[in-house]
Each structure stands twice: as structure tokens, then as C-alpha cells.
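Order as written gives the chain letters A, B, C and D; numbering starts at 1 within each chain.
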């Protein structure tokens, strides 16, 4: 009896995971028109100055803060080695596209600040987590993409990157 | 697109490969030398060969016995409908198709309408093999002339407006717009590549361009599709209105720039 | 003078290194050496440094590996040259091209554009007619491009 | 562009007996045969130039054994010298049996 139950639970989880991994539109090709539809915040930011009008600022920040979610474990400080891979991988975080950090990485951009020694600045890891999850909750309309909001990085993956930025062991801080 | 995979492979392996004990080069400066060296070495750029190919296509008869040259004259220098200088005024409203067309779309529509090409032949990647060289050749006929695009027709004005909107629109999973990378952060670097400043450099004047990282001639439509892919937005199909709109916006911002086609870019 | 402990430590490291090295360090370079011997015809040790005579021009950092310009200008009379080879250590096929000159060339010069799979040494190897070999070597770092 | 098309450039003025640069490019995909197709995961078959001869008035000036790692639309440059005017002929073939020739006249003064 117990075994059947476990089996049932496993099957359900499996199907649930399958369901999660395939968005409703799977099979159908996405179109340009669908992809350029904007959310409210993107619309607000679509001006030459890339600024939120004064009167909308409070609503904007509040909405963006609300979008931030945490890992189920509650742990926002993951594994720095995994974080390093995510940070570097052009198909994942690709953070080096805009930031420098590990001096070994020559091919790093200068759009964002240099993150060398970031961990020594004694910033709150939770701030780091939240900033990566949704940069717009801190800098409205920033060029930094909202990694968590769009699901480009999972909460767990962001936690790993937080560790990469804060850990003493990480080449960012060594 | 095998070359893309090849690139990906070597780029990912490249990341592991750095060890630079001691030498203090500025990577951003060093990287510019590759282009300089390529230009120095080359008596001939591959782009010039592609222009020649376009010239051949231009003078070759289509299925109904007419060539581009039948209407536009030899080398596009006919008394009626000359093409010299035409590219410097595009995108433009064309009465015969009742549309505003960019270079690619105009070339394609002409071939279908007047030289009898089967539209199927001009579709997709297969068609690009004809349209890209031909478009490059046609654009090169305006070399030395100044860009001058003034939206007057209502449809041209509408395209300009749509183009401007698209330019500033923050879209997709990376929240980018053209403007973020190419106005606000133009001149900064993504990895080691300096972001182009299409408005400042009057970009339309040197496109179509030969891309040495891909060993291919690209028209602005290819470039726009590449940009959208990079910001993880589904690429607009070729000859889509978005290409025309964005080029209308960039063309107006390229006014005064002297045409020099094909360009030579990374 | 070393004390006993230091000597032991050194010895220990030596043992550790010698057990590990066949798997870690040497495997890679010996692979290159093997390929070198196969394509060039002689072991790497037989090829002398000719960087004073062979001017090899490449970018030090390549922003794309698809198109790396390489030029070789050698101060060796072309009458004395049998062939020139461009060899890229870490390419799937390291031998990129082999150029056989003749006195009609007038100068030992060659230029081309090559593909590089990843960061690697680029070598210009010249076999002279007297049977000796010379080479010039440059490292070209192939970097990750733009937006991934 | 048609595979195998070539374009050659030599200086306008060439002096008798003085080395001058011969540059040319050939339109060719130069598929090395070591790359995998993104979709199928299978190796893309090699398709590249393998041999190239540069002859002047029938005499061999330079011979090249060309590998797949030469860039697409390959570019080559060599030097040569001659005391007489004549025809420079570049002939090349690929691993799929393609064979091409391209000639240019050279006038020395």
C-alpha cells in the first residue's frame, strides 16, 4: 500500500514537473509580435531617458518589490562554485557581458560596475539577492535585466551567484 | 548555421583558456587590432566579390526575359528609373506595391513583379542567396552620395513613428531596447565588443556590411534579426514591417552620412 | 640548509606529482607533440627557435576565432626554403596550411586568414632545404563574444 | 556566390625582377569536417579546398596544401617576381571534386 502511494506521489510530481518545464505555448512557435508585448513596467521605461515619471515612481517600486520571490529553502546563499558557472555561462547569467570581476576573465564588459572585491564591501547578501532577482526594484528601468522576474535564473541559481559574489573563497574576492 | 555552433564551442572553451600571468595588455584595445590587421592584409575584401555577384544577378534575365537592367539601365544608370542614389533615400513609399519598403523588400518585390521570379524561389534562406548580393550591389550604386530620407507620405510617417517606438521599447526577457544598448550605453563594451552607436555613426550609410566574424554579407534586416535574437526576442521574419520601421527611424538619423557600401564589421 | 621535515615534504610532493602528472599535465602537451610530429614530420625538439628570422604577425587577442589574420615574413632567402606550415596547437586539425615556395617567389612571405577553435599557440614552421627546421610562435587568445 | 569564384589583385605597376604581392580570395565555404550540426548533432561533412597551384607562364611558383581551418572565403597572399610579362594562373580543387582556374595578365616594365 505504502509503495503504491509513494509511486503515485512520484508520478504526480513527475507530471507536475513536466508541466512546469513546458509552457502552455509549447509546440507552437512564438512570434515576434507576442514577444514584443510589454508589461506595465516595461512600458513605463520605454522613453529616451529610460526614467520613470515622478508620479509613478512609488507604484513602480512597490510593484517591482512584490515580484521578488525566495528559494523554497529560504537560503539565499548558495554554492559559489555553481554560481561561478552561472555567472560566466553566456547562455545562463552571462554576467561577464556587462561586469568584470575575476581578473582571469579577460572578456568582460564595462556597462555595469566592476565587481572585483564585491564581497569585501560588506553588503547585505539579501540586498545582492534582491538586486539580481529584480534590479528594477532598486534602479528603475536599469539596463540590468530582471533575472528572477523573467525566470532566466531560478531563485536557487540566484542564491548561488550571491555566494559567488560574497564568498571569501570566490575569485571575485581573492 | 553551423558557424554559430562552431563559434559557441570555441567561445565557451575560450573562457577556460585564459591565463595571463604578467602581461598587462588592455584587452579592449588588443581586440581592435584584429580588425585592423584584417583590413591591412586585404587587398580585396570578400564583400567586394559579393557586390560583383550582385552585379551579375542585376544584369541576368529573369524567368520572363527581363533583368533589373531592362528597367533601370546598364549598371542602374538608365535614363528612366536610375538606381544611382536610390538607396540613400530608402526606406520609401512605393506606389506599385502600396507599401513602404526597405532595401531587401524593394529588391524582392521588384524581382517578383517585374522579372518574373517565382516567389517560392525567393523565400527564406534560399532567397537570401539572391537578394542579399543584389541588395548590396544596388546599395553600392549610391556610394559617395549623402543619405537623405524625409518621411512625407502618410505611410512613411507612420513607419517612422513605429520605428521610433520600437527603438525605445523595452521588451522581452532581458528588458532591453535598441536605445539602451545603442544610445545610452553606446561606446561601452559588452564583453570585448564595443557597442555600436548607429545614430552617431549614421549607420545606414555602411550597411549592407561584411561581417568578418561570420564570413557573411549581412543586410540591415539580418542585423536587426541578430539583435533581437541576442536579446532573446523571437526574430521578426525577413521583410517584416518591423525591419522597415526601424530602418526608417535609423535612416532619418543617418541623414547627411555618405554611403559607403559594403561596410566591414565584426 | 633544509631540515628533515622540509626534505620529506619535498620528496612527498615529488611522489605526488610524479603519480599525477601522467594523467594531468603531460597528457595534453604530449597530445600536441604527437600531432606535431605527425604533421611536421619531426619531433618538436628538432625544431629550432627562429623568431629572430621569422616575423609572425597575429592579433594577441581575437574577438572572433572565425577569422584570425596571420602573416609570415621571413628573412630567409626563399631559395633555401622547402616549405612553410601554419600550425595551430589546439585546433581539431592543427595543420592549417602548407606552402611550398619556389625561387620565383622572390621573398619568403605568406598571409592568410584562419579559424581557431580556442585559445592556442599559432606556429609558423619553416623547413629549409638543408633539412633543418625553424619556427616562430605566438599565443592568440580567442575570447567569448558579445551577448552569448 | 558561385563556389570557386576568385578575385586576384596585383599592383598596377610591376617592375622587372622586383618582388610584388599577389593577393586573392576565393569564394568557398571551407567546411573543415570537424563541426557538428546544431540540430542533428551529426558531423558536417568536410568541404574545403585541398590543393592550390600558382603558375606563371606554365611554371609553378607556389603550391599549397590547404586544410579546412583556413577561413571561409579564403584569402591568400604571396610575393613573386618575374623578368617577363605573362599569365598568372591560379588553379585549385576541393575534396568534393570541384576544380577551378583563374588567370590574370601581368605586365612588367
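Operating definition for what follows: a residue touches a chain if its C-beta (ideal position, glycine included) is under 8 Å from a C-beta of that chain, and two chains touch if they have at least 3 such contacts.
What you see is a predicted model; the values in this text were computed from it and never measured.
*Asks:* Tell me which has more C-beta contacts between its two chains, A-B or B-D.
*Replies:* Contact tally favours A-B.
*Asks:* Which chain has its C-alpha centre farthest away from the C-alpha centre of subunit B?
*Replies:* For subunit B, the chain whose C-alpha mean is farthest off is C.
*Asks:* Could you work out how far the Cα centre of subunit A sits from that of subunit B, in whole Å?
*Replies:* Taking the mean C-alpha position of each chain, the two centres sit 33 Å apart.
*Asks:* For subunit B and subunit D, let me know how many angstrom lie between their CA-based centres, rounded off.
*Replies:* Chain centroid spacing, subunit B to subunit D, equals 28 Å.
*Asks:* How many angstrom lie between the centres of subunit A and subunit D, each centre taken as the mean Cα position?
*Replies:* Roughly 50 Å, centre to centre.
*Asks:* Can you check how far apart subunit B and subunit C are, centre to centre, with Cα atoms defining each centre and the answer in Å?
*Replies:* About 38 Å, centre to centre.
*Asks:* Show the residues in subunit C shared as contacts by 2 or more other chains, in ascending order.
*Replies:* Expected reply: 61, 66-68, 71, 111, 113, 115-116, 141, 143-148.
*Asks:* Of all the residues in subunit A, which ones touch at least 2 other chains?
*Replies:* 89-90, 96-97, 106-107
*Asks:* Two or more other chains touching the same residue: where does that happen in subunit D?
*Replies:* Correct list: 21, 23, 71-72, 75, 77.
*Asks:* Can you name every chain pair that touches?
*Replies:* Applying the touch rule to all chain pairs gives A-B, A-C, B-C, B-D, C-D.
*Asks:* Okay, in this complex, where on subunit B does subunit C touch?
*Replies:* That would be residues 3, 6-7, 9-15, 17-18, 20, 25, 27, 30-31, 33-34, 37-38, 40-41, 190-193, 212-215, 230-231, 266 of subunit B.
*Asks:* Which bits of subunit A are touching subunit C when the two form their complex?
*Replies:* Residue positions touching the partner: 89-91, 94, 96-97, 106-107.
*Asks:* For the complex, which residues does subunit C have touching subunit B?
*Replies:* So the residues of subunit C touching subunit B come out as 57-69, 71, 111, 113, 115-120, 141-148.
*Asks:* Which residues of subunit D touch subunit B in their complex?
*Replies:* 1-2, 5, 7, 9, 21, 23-25, 27, 31, 35-38, 44, 71-73, 75, 77
*Asks:* Considering the complex alone, what residue numbers of subunit B touch subunit D?
*Replies:* 1-6, 9, 41-44, 46, 48-50, 52-53, 133, 215
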